[in-house]
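Once you've had a glance at the structure underneath, I'll fire off some questions.
Which chain is which? They are A, B, C and D, in the order written, and residues in each are numbered from 1.
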Amino acid sequence: MTLDYVHKVRVRYGETDQMGMVYHGNFALYFEEARTEMLRRCGITYREVEDAGILMPVREMSIRFMKGAMYDDLLSIRVQLLEKPLTRMSFNYRTFNERGILLNTATIELMFVKSDSFRPVKCPEFLLERLPAWS
Amino acid sequence: MTLDYVHKVRVRYGETDQMGMVYHGNFALYFEEARTEMLRRCGITYREVEDAGILMPVREMSIRFMKGAMYDDLLSIRVQLLEKPLTRMSFNYRTFNERGILLNTATIELMFVKSDSFRPVKCPEFLLERLPAWS
Amino acid sequence: MTLDYVHKVRVRYGETDQMGMVYHGNFALYFEEARTEMLRRCGITYREVEDAGILMPVREMSIRFMKGAMYDDLLSIRVQLLEKPLTRMSFNYRTFNERGILLNTATIELMFVKSDSFRPVKCPEFLLERLPAWS
Amino acid sequence: MTLDYVHKVRVRYGETDQMGMVYHGNFALYFEEARTEMLRRCGITYREVEDAGILMPVREMSIRFMKGAMYDDLLSIRVQLLEKPLTRMSFNYRTFNERGILLNTATIELMFVKSDSFRPVKCPEFLLERLPAWS
């Protein structure tokens, strides 16, 4: 059981660097947007998670780059949630350009912490309940 | 009476765009760094301002670009505080490259608000007292 | 005669700062996206302008901030081209949040230069011809 | 034999997010700055590498976050080059805050490509010759 979603994102000029491709660090923003939109389709907004007193800092991020993304490319980012989130929530990503070429793959793992103490907590119930693959 | 300071900042690769120059929006970061360091020389940290319950959102920013800044350039940003801050604090900037060429000029005006209500307030006393030109 | 367009942009987490609002410099990216999409609706891509050997560096940017944009806000950016571009192309912007509150107004003026020499040139004909208000 | 260097970098306000810490993607910029400065101490500028017709795109980046970096923190980034670069150049990073707390660890691997064809090439001789650990 997995949850997956394809998110489209258009490369901005200011996100490229003088190599003529998206600066590697900027993919963090694209991946953030992709997982946010996947969760929104499940009826979850990250804003709502924060309103419930929980933050989701990134614990680990790793990206393998095969090819660069170019200015104005309409990228397809395929995001997958492979396992039921317990104390961590781990997303996989694959980025494709308009011609279907795989540009990079990534894994980003987030954790759940209380916003007042930064103490780790479990994935909140209301979030779990709305994930169709595991509810 | 003015307060002025020259701050050096090195252009990062990820701050350029595919035109081969610093993306225009990134100068906001350089100017922020320049005024922060000018205030630090006066014994003021912006962190301390926030700890006192005050935020300083930007009210107005205008930049005129003459020439681009290149990757790895060690820029000199001359920042000036021209007037005693009352409800606003207005900084002027001039950016030069290593050859002394003027790249751009800017004005950024910040205001003071209470961090809980976002209500405008006057410049806090402890900040005024440490500005040598007006204390 | 004006050309105008409303572009929607969703605020990313990484575009906010610890004040809990979009960092002022990041509006450069939103405005870039808005004018790019307005031109795309006219059948012009900026990529095509660069392919024709022309770059459009920003000459002047000024933004007046009234209220902050929050994380996850779906902003409406109204972009307008007020005058026929000759050697400059000047866009006006107004940013609204989902409740219709005006957050900021801006003007950004770009120029046309040859990509090999950076010498200023006139607005290319193929661009003018596709602007419905002046063609 | 290793090459190592400690680079200091001050956190800018615009590099934090509303969690009150540096946005995870922005560490790419800090690590870039750290390896650039390490190489500069060896007499190598990345600008010079590009002038020799070679680009160094990032092939892999992985970061493990233990604690967040706060606004205005003066971070110490310890960068290490563990192996002689052949077709790849792999850097390790450890970020510490002012109190000596380890905030994160990272590995970033870059490759060498010709700037005209993007074809992979070996590490250029002039770069190898200036790396004290292997020359």
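The working rule: a contact is a pair of C-beta atoms (placed from the backbone, for glycine too) under 8 Å apart; a residue touches a chain by one contact, two chains touch by 3 or more.
This one's a predicted model, so the numbers in the text were calculated from it and none came from an experiment.
Of all chains, the one whose mean C-alpha position sits at the greatest distance from that of subunit B is A.
The rotation that brings the Cα trace of subunit A onto that of subunit C spans 180°, given to the nearest 5.
For this pair, subunit B with subunit D, the centres built from the Cα atoms lie 27 Å apart. Put simply, the C-alpha centre of subunit A and that of subunit D have 24 angstrom between them.
Each chain gets one centre point, the mean of its Cα atoms, and the points for subunit A and subunit B are 33 Å apart. Of all residues in subunit D, those that touch two or more other chains are 13-14, 19, 21, 23-26, 28-29, 32, 71.
Partner subunit B is touched in their complex by these residues of subunit D: 10, 12-15, 28-29, 32-33, 36, 45-47, 71-72. Listing the residues of subunit A that touch subunit B in their complex gives 13-14, 16-21, 23-26, 71. Subunit D meets subunit A in the complex at residues 19, 21, 23-29, 32, 55, 57-65, 68.
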